[in-house]
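The data blocks that follow each hold one structure.
Here chain A shows up in two complexes: once beside chain B, once beside chain C.
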Partner chain A sequence: MNHELRQPEDDDPVVMTVDERSVWVYLVVVVVTSVAYFAVIIPRVLSQPVEDVSWIAPLLWAIGFSIVGTIVGSIVGSIGGAIGLAIRGIEPKGQLEGDLRDKEIKRLGDRRAAVVASSAMFGVLVLAMFGADLFWIGNLVYLAGVIGGLIETTTKLRAYRGGL
Partner chain B sequence: MPPKPTKVTNQIRALRSESGQMTQADMAERLGVTRQTVIAIEQGKYSPSLEMAFEIARLFRRPLDEVFHYAGGGADNQPFS
Partner chain C sequence: MDFALRHQGWGLAAGLVWFVAYWTLLIVRAATDDVPFTQVAWQHPMLWFLLAGVIVYAAIYAASWWSTRGGIRTDVRDAEIRSRSDAVGTGFTAMGAVVALAMLAFGVGTFWVAHTIFFASFLGTLASTAQTVAAYKDGLDR
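Up next is the complex of A and B:
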């Protein structure tokens, strides 16, 4: 059996870089954890006063899963990508690492997410001024993180797929 | 709304064929970028930096304006004479 790996030809399928793969993982993780979090919290909000809602533990779980899920998913995705190439007989080295274009796409996505983060800070300030319950402040920050994550990832994927 | 392609078009695909079947992977390796980036440049989905554009032109031993063409601009952008 021949184990020699070759460089890809022009008609070989294009694989995602590690950076693009990580963006997909992050998008899936943000959607799954935020849907799970709000599925737990919203029924509680509807059934009892906001001050009595237990939200800190679910929020910590959601954030924890987001971080761990993104890290593990990115690592698994990268290894899977390399194995997939090797199975097709293509040398993975040089196919998966990011370059200047990945950095530019990252900067674009981060900039859009920063706009959401700064808007949320203003919102937190207003809530604090009016003495809102900590539930609203904590959840506004989390919601801003979710929206920022969605905007960041969709911006990046749009740049990867459509153009920069 | 789909993203707009860049206004910079290029002859890279044709030049690769002319230069003895240089593959996208070969070109990517010589430029120190990914094959994905070479494909994005060829398809007009990514405008390379000026530095990379010069490197690409040098790779094919052509002047920059034989490799890249700028489709943007109007009468206001005509050369000063």
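Up next is the complex of A and C:
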């Protein structure tokens, strides 16, 4: 039996780069952690006045999980990608690294997210000026991060799938 | 190329003046009202400075647009410089947001939280504008 790994041919499916896989991981992590966070917070908001809602611990957990989840998920994803290629008999070396296209896509997604994040930061400043409760300030910052993350990942994935 | 360099270059200069003016105003207020720095009434100055910043930048943008009429305003190189510069500033804003959340978690007052976001956004804009001006002056392949 031949165990030599070969280079991919034109007929092989396009290899997903580590960068694209990380975008998928980030999307999943953002959705899971933010849904979990709001599932904890919204019932509390409905049942008591916002000044009394304890939101800081869940928020820190949500942020912590999304950071660790993205890092661990990306590492597992890239190892899995390399193993998957090797199983199909394709040499993973040189296939998974991002190229100029990945760089362009990254910039495009980051820019879209930045627009959302900076407009939201303006909203946060206005809330702070009018002395809004810290609950609203903190949650707007978090929501901005979530929406920014969703826009970033969907922009990137659309660019990967549909072209730039 | 002239267009982006003009509005970014003048915007950078105006932004620096704007930032220094804001903090000078706060310090003067703290001194004349004889209150601790964090007790200064910063809300109205910040609101007015943000509005004034938008208006001044819009005026600079319009003036650059007018002074480059008749030429090509944006080519591939301009677009490349813009996308690279924008990417530089993003990190600062994101970091500011995370730091602000951490400060909220530790019960730091609104004054510092708001000014952390304010400062981080300013730094982000400063970094991306400086990157744009540098790219036009020194080229993209340094």
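Please note the rule applied: the second predicted complex is superposed on the first by the 163 of 164 C-alpha atoms of A that agree within 3 Å, B and C clash if a C-alpha of one lies under 4 Å from a C-alpha of the other, contacts with A are read in each partner's own complex, and residues count from 1 in each chain.
Assume a contact is a pair of C-beta atoms (placed from the backbone, for glycine too) under 8 Å apart; a residue touches a chain by one contact, two chains touch by 3 or more.
Everything numeric in this text was worked out from a predicted model, so none of it was measured.
Judged by the touch definition given at the top, the superposed model places A:G163 against chain B, while chain C stays out of reach.
Contact with chain C, but none with chain B, is seen for A:A144 once the two complexes are overlaid on the shared chain.
By the touch criterion stated above, A:A114 is placed in contact with chain C alone, chain B being left untouched.
In the superposed pair of complexes, A:G123 makes contact with neither chain B nor chain C. Look at A:L60: by the touch rule set out above, it reaches chain C but stays clear of chain B. Look at A:G131: by the touch rule set out above, it reaches chain C but stays clear of chain B. Taking chain A as the reference, the larger set of touched residues comes from C, when chain B and chain C are compared.
The part of chain A that touches chain C in the complex is made up of residues 56, 59-60, 63, 104, 106-108, 110-111, 113-114, 117-118, 121-122, 124-126, 128-131, 134, 137-138, 141-142, 144-145. Note for the complex: chain A touches chain B at residues 7-10, 14-17, 20, 94-95, 97-102, 158-159, 162-164. Those residues of chain B that touch chain A in the complex are listed here as 2-6, 23-26, 28-29, 32-37, 39-40, 43-47, 49, 52. Residues 43-44, 46-47, 50, 83-84, 86-87, 89-90, 93-94, 96-98, 100-101, 104-105, 110, 113-114, 117-118, 121, 124 of chain C touch chain A in their complex.
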